[in-house]
Each structure stands twice: as structure tokens, then as C-alpha cells.
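This structure is in C-alpha cells; I'll ask about it shortly.
By written order: A, B, C, D, E and F. Residues from 1 in each chain.
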């Protein structure tokens, strides 16, 4: 079979609407994880017809006080709108230009608000409401945006990064790093 | 002021969260037009921080039996999910490869379903329910995707295209073209 | 065999000049179709060496009063020059920015004139001379630009688009749509 | 005024068909230069509407035994078709992969033949007919492809490249280089 | 003055070799910071002629036991070679595909070894030698790659990210976050 | 096996650090060729993990009075820094804009200086020191930049370019061309 971009490129004679479709993908609330969120991403793995087309879409569920923890998308900008509840969101700029390094830009979003997380920057969403869940729809400018949850990648990698390196990088004792590396770092992107 | 891509590139010292934010953009039902729809697009015109980032997002309202009529986006693929109601959607492939020309791929979408309209192809959404409105969220792979509503561009251009040309192209009498060109072609992208 | 972009990528040891060549491709007048034109496109299907190189070339023959009817190229800008005869050409802009929607920009071209049709916009060429044919050379900024003839895609798709949808979109009676859908929509890109 | 890509981006309200048009650009034979050719390129300098659109077109006139001497386009692939006469054309591949270095791929083209010169490779066209001129239309995959005539750039630069360097690079005596540098290297791209 | 991409595009008549040159940029050892490194990046800010050209180069100095701490480049892949000493380097993959999440790929590099850090992934270099400094040359696939030092962006942003959010994200007590946020997070990219 | 871009795309489960690594690649002086240089390029052929990542790195050795002769990279900009010795470097601009054609921009580089050779332009480096070798590190903005050594491609192609064509192009007698074509044109990119 012919592949483009690593994915099967179906014979045009056999392409049909199902190649551009995913049923019941984003309507249902989902169980949230330890940090209180669950990202349901529809990308080229779920819809083969997205291959080469540069976009994907996600539903994000947030438990009360839940968060989609600090993470980056190495290959996509994200645009998000709130469907239900309230979200406190933000991103941190890079180390340039001096002296304007690592600015934290944040906003409280209500239903219908739209916010943009530029490609590659560390960002998060947090549901500040202790009683009600929140729901957002997010779109990403890649068929396969990738996600790097900062804590998971730094402290939960397999194998672990040397605790000497991390202790110095994070200015803490090695046993703090060891403790962090011993935790369970649950993925919230399913 | 510095411009990138034709848009003002704000001094990094003065950038703030509002440059990546649009309040109350997509939560409210909107009055639909003559064909029974209303597209509320949040692109680089509404959120300056989208400049160079390659994505935008829209809410589409559909009246009962309303439609977002056949149109193309010259610079974007669209991915859509239904928030409320039901939509009959589809797109037509190009004239290649023979003999597989102009295939119409369609689907009935319910709440939570996701569908993809590849860049540049003619597509539409129609709300088949005679009693209830429908709502969708769509994302587009461009900060400024553009929209060409086929009927409006062909029969409602300013000035009008020669009726000689259109009569032959559409295999109808010139007075049919003249009648079509005399109609009011309302835009549903606001 | 290795494929790049879905096309065979020949072993460099075996590449030769024929991989970049097509004989007698664009010199001969060709029989025009029902709307009075015939597009002879030399793209990556005809010249394998064009793969990844982003360009193609075409000869277009126009019968007296013939036209290359309103169409778009979803992946290419077109630049055209007239070799013989006269052409009335034009394109319609998208629905942005208001109030400048759907402007029709047209020109009468004589031998040696050059005109540009920007990517994704609806455009056509018409030979206004009732006695003489016309010929043009066009180049397109893609190895596989695609073509969507508006009337064919809207009224001649397989299967047909619902006449309910089209009647409302084009502001005509359903039986007008049914009549249009019953016509033969001949392709002029061979 | 707003600029995109270094070129003025006209107010959409004021754009008209002339921004996409160049009259009488490619129909007339032109006087050829010392090497027997003349390239008439219509790019973004001549048609402002080409800005960002990635294509340009040229007419090339060849005197009997004239040539468009070995050159490269640093930003474009070229596709060429012969309108009149005969051309001997070719390009040389790069130094990879060994042992397949610097292969010369050539072809004699007659009217209507099409040939492709891949981006950045050294290529030429030569009219082998001692009595008749030749004419070609070429399209290039850039709004501003650039041209580097090898002999002119190497031996006719301003200021001159050190003759020590060139003598060793071309394995000739320094006085041969000096003689070459003393010649007049006429440009054939106007 | 004309700008392209936000940077001044000099009049071609006035361009000279200095626009493509930076003197004495990468030869001298530099004082390392608190984490024991110093990145000297030559990008479009230092060499204006790099504008639009998609590359930059850096020298990185490492003190004994110094590190270039975990960071990402949102817009560039990095390729690095060791000039002096030894480096323990690595990167962590993203959370896809399951169950292959967050793999840590590492290597000890000696003089002349080459290693690649793919775009957007968290990576670091560490000099394991307690007595000798190390030096590397790195190239990045962007004229302005950006750098996000993870610890600085997460714990040293201005203003600070809510400690509620970070405590949950990093599975630690809020006072640990408060302590981290009270530290001085020194930038090592100058 | 899955291929992307013509190269094997390894199963993510089996990827390891060696896929991003090349040992002892750039530390050792290498024997220089007839023109006195040797380019050791580490590209996607040497490090499979570079596939799609758009960068490569090279060490260049120069004998006393040796040169990396005039050449172009059809797919990459080059940024170079001197590690040892002195280099006289330069590039020639294209034939635009008139009257600013074929400007030669040159510089003498010492250890630690950085210089940029824009994509597709003819450039060289020369070691003016009759006694000492020189060494440089260069990075290129492509995983497979290609190299076209001008003299080799023009006079050493296989088969040879017609001496009629070259004699006219270079304004010399045919026997000069024949003599040049009879030389051995050694490649310095290994």
C-alpha cells in the first residue's frame, strides 16, 4: 500500500466518508485522572483522512479543581474555547528578549471565551471551581501535535534522568528529586 | 510599528494576555441569515496574537432546516464537531483521478461526531431538523482561512460575471442566469 | 521501491533525462468539449521527476466562443499567457474583507498578455471570438494542482447532493436543481 | 503602506485587475545578447499581485546557435516548453550520491516538448540550429526565482574573486583567469 | 525602511559582507552561570543577513559538573558536536505513542561526537567531569530558535504561576513550590 | 517498513539514542584533496534520526593554501565558524537587482568568527596561510543540503556537456574547454 507521511494513503477509488469521520468522539464527559483532567484528542490516528491536512481537535474535561497540567505541544499552536464552567489558563514566554524573559500571561476564561497558546510554549488550564466540572474544545495546528507534560517528562521519564542533573537544574536536594521520581506520573492525554 | 505578515507585531515588552484572548466570542446563539446559518469566526482580525500561528476557530449556528451553503476555504482544512442537534454534511472531491471525479462524500453527524473538510474542496452543512436549531464548533488550519460561498461568488459578484459565460458553464438559458444574478446573495460569515 | 510523497522515488543510479521529459505534449490543438475548451495538463503523473518540485504546466485550447468554465485549483496559483487569439478572463475574490466581498476582477487578454489567478479563487477564461480559436499556456504552483469545475462539482457529483440543500443555496426551485442534476457535466481537464 | 514579504500589500478596497496583469509581455521576439539569448521574466516586480503566490513565467528567445548559458535558480524549479524551433537542454546533478556524481541529463526538445530543471541545479538551453531562432515559455516555482549565470558570477563578479582561488579551483593558470575576468560578461535576464 | 519578517530588509545596493558576519563570536571561553554553563547564540539579532534563512549557531561552555539544564527550543531542532571534554546528553520523547511515553534517550559524548535534539523536545547537556570544562558547538534550524529553560519558565516566571496549580501538577506541597518560586532562576542564554 | 521522506521511519518502540548519534565524526583532521580541502558532512545518511528535521553539520579541513572551491548548496543556507587558522571566504549574489548584479561579498575570518552563505549562492573558503592548516565547523539548514562544485559540475560532468555550449558560455576556445574536460575533477565532499 502507498504511504504518505508514514500513514497509509488509501486508493482514491476506495476513499469514503468514513475516512473523514469519527463518531461520538467528543460529546461525553470522561473520567478525569489524578490531576483532574482528561484530554480526548482526535488526530490522524483516529481520522486517517487528516493525513497532511495540519489540524486536529480535542475535548478536555476538567474535574472541580482539576487541571491540564503545564505542558507543551512541540508541533502545534492551540486555540481553545470554554463550553462549560470556568478556566484559569496561561502560558509562559521563552527566554527572549531580555529583560522580558519568561513572562506569564494568564486569563480567567468563561463560557464562550477564546484563548490561544502559541506553538511550543509551556501552558496549562485549571478549573478553579471546587464544585463544578469544566469542559473545553481545543483545536491544534497539526495532524499530530504531540504533548509533553512537563512534570511527567522531567520526573517520570523511562529510564529516569540522572538525579544529579535534575537536582542542580531545579535547585533542590537529590532526595527531593528521588522522591519526585518515585511518584506515579499519570498521563491525561488518551 | 513593525508588521509581520501585514499585521502589527507588538513590541514584546507590551504584549499581554489580551493579545491572545477574545471574550464571550462563541457562547451565544446568533441570528441566522436567509439560508439559515451564521458563522462566527475568530481569526487573526479578532485575536492579534494568532498572527503567523496557522489556526482559527468558529461557532456555526444553524436554524431548523438551515444550512451553511456550499463553499470553499482557499487556505484551510476544516475540522468540525457538533455541539447541538444534527447536521447532514459533505464535500465533493476534485476532478481527479479519472474516472473517480467529483465524488460526493457525506455523513449525518450527531452531537460529538467529528468530520473533516479538506482544504479547498466544496463543502456544506445542513440541519435536517425542521424544528430544532443546531450548533457546531469548527477549527480551520489558517489564521485567515477565507471563505468563498459558491452561489454568492458565481451569481452575486460585483460586478457580475458575463451571463454568456455563466449560461454556457451552467447549461441554462441566459434569463435563468439573469434571474439568479438579480437575487440578493447574503453572506453568512460575519 | 521507495516512495516519496506517494510517488515512486527512483534509484538515483537509474534516473535519466526521460524522467524529466514529456514529448510532444503541448504543441497540438486538441478537440474541445461541450463548453468549448480542453486543458492538457503536464503534472507529476506525466513527468515523474516533478515529484516534490511544486510546479506544472498546461496548454489550454478554446473553441470560438468556448470557455474554461468557472473552477478553482485547491493547491495552486495559476499564471497564464495567451499564445493565440483573445481571452476574456477573471476571478472572484473571497468574502473578505467586508464590504469588499466577492469582487469580480476581469480583463480581456491578447497575445502575449499575462494574468494571474490566485490560489483557490473561482476563475474562468472565455474566448469571445465567434470565429477563431484561442490557445493559452498556463503554469501552476503545484506538481498536482487539482481542479474543481464549479458546475460539475455542485450539480454533477456522484452521488448527487440533496436537491433540498442546493435549492436553498442557489435560491431556485427544486425542479431547477433536478433539471441541472440530470444534465451531462463533461470534464475539460484531460 | 502595509508591506508583506517586502512588497506593498495594497488596500483590498483598491485592488483591481491590473494588479494581476501585464500587457504584451511575452509575445514579441526580442534582441538576443552576446551568447544569443534573452530571458523576459514576468515576476513579482512586474505583477504586484504575484506577491506570496510562488510562481512566475518567462519567454526565452534564442538566436541561431544561441544559448541560455549554464545557470541556476536558487529559489525555483523550472518547467519549460518549446514554442518554436529546437533546443538542446540539460542539467547536471549534484555531487550525491557517490559514485553517481555530477550526472549530465540532456535532451533535444522540439516544439511542444516539456522539460523540467530541478531547483538549484546547473542547467542550460542551446539552439543547435544555425539558421533559425527558437522560442520557449518557462515557468518557475517562485515569485522571484533569481538567476545565477555561472560564468558571470564566477568570472564577472564585482569585485573580482581572487585569481589565486579561481586558478586552483578551475585547474588553470592565473593568467587564464585574469583573461577571463577581463572579458565582458553580459546578462541575458532583462 | 522595508521590513521582512519583522526585521529590516536592507536596500540591496547597500548590503555588504558585514551583514553576514560576526567577529570573534565563538572562540572565547565564557564565564558560566549558577548551573555551570553559558550559551552564546549567534542568531538573526547578531547577523541581520540570517533573516529568512532558517539557521543559527551557538557555542556552549560548561564548567566542571556544569549543565545546560533541561530546556526546549520551540522553533528548532539542534545538532551538537563536542569540541572539548565530555558531555552526558539526552532528551525525553513526548507522550506518544502509548505505552512508549516519555522515553529518555541519552548518550555520553566525547570530542567529535555528534548528537541531535529534535524540535520541541526537552533536552539537556551535562559535563560529568569534576575537574575539566567542556565546550560544544551547536546549530539550530531557525534564525531565532527560542529557548525555554523548564525550571525557569515553570518556577521563575513573572508573575508567578499559582502555587495551587504547580503543587498539584508536580505532586508536592505548596510550600515546596513557594520555596522554589523564591529561588533565583538565572538565565544561561546570553 | 514504513518510510517517510524516502527514509526508513523506525518503529517508535525500537528507537534509541543511537538513532540520533554519530561517534567520533568531526574531531579528526582528514587528508585533504587536490584543491586542499575535505568536507566531512553528517547528514541524514549518517544519522537516521535527522529525517524531517532540517539540519546537518560538517567539519571542513583546509590544507595550507587549500580551498573549498566555489560551490552551491541547492537546498540549504550555511553558517560557518572557524576553529583553527584563517579563512578568506565569500559569496556572489545573483543577477538581481540591476545594476547590482553579481556582487562579491568577502571577508577574512579568524578563529571564532561566524559567516553566513545564503541558500543557493556560489561561495568558497580559502586558507591563505601557506604554512598552517585551517579547520571550520559549518551547519546547513537541510538534512540533505546537496553540494554542487561549480568546476566539477560544469567541466567534469558525466557525460560531458557539449564543448560548443561551454566555449560560448565561457568565452573561450573549444580546445580550452576540451583541456578542462580532460582534467580530473576530484570531489572534496566525502
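Here, a residue touches a chain if its C-beta (ideal position, glycine included) is under 8 Å from a C-beta of that chain, and two chains touch if they have at least 3 such contacts.
All values derive from a computational prediction rather than experimental measurement.
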Most distant chain from chain C by Cα centroid: E
Same or different contact residues where chain D meets its copy chain C, judged by the half mark: same
Approximate Å spacing (C-alpha centroids) for the pair chain C, chain F: 41
Mean-CA-position distance for chain E and chain A (Å): 23
Contacts with two or more other chains, residues of chain C listed in rising order: 3, 90, 96, 103, 106, 118-119
Touch-based graph of the chains, sorted into line, ring, star, complete or other: other
Pairs of chains found to touch, sorted by chain label: A-B, A-C, A-E, A-F, B-C, B-D, B-E, C-D, C-F, D-E, D-F, E-F
Residues on chain F engaged by chain A in the complex (per definition of touch): 2-4, 9
Residues on chain A engaged by chain B in the complex (per definition of touch): 12-13, 15-18, 20-28, 42, 46-47, 49-50, 53-57, 59, 76-79, 81-83, 90-91, 93, 96-97, 100, 103, 105-107, 109-119, 137, 139-141
Chain A-touching residues of chain C, taken from the complex the two chains share: 3, 5-6
In the complex, chain D residues that touch chain F: 35-36, 65, 67, 69-70, 72-75, 88, 90, 92, 94-98, 101-104, 106, 118-122, 124, 126, 144, 146-162, 164-166, 168-172, 176, 180, 183, 185, 187, 189
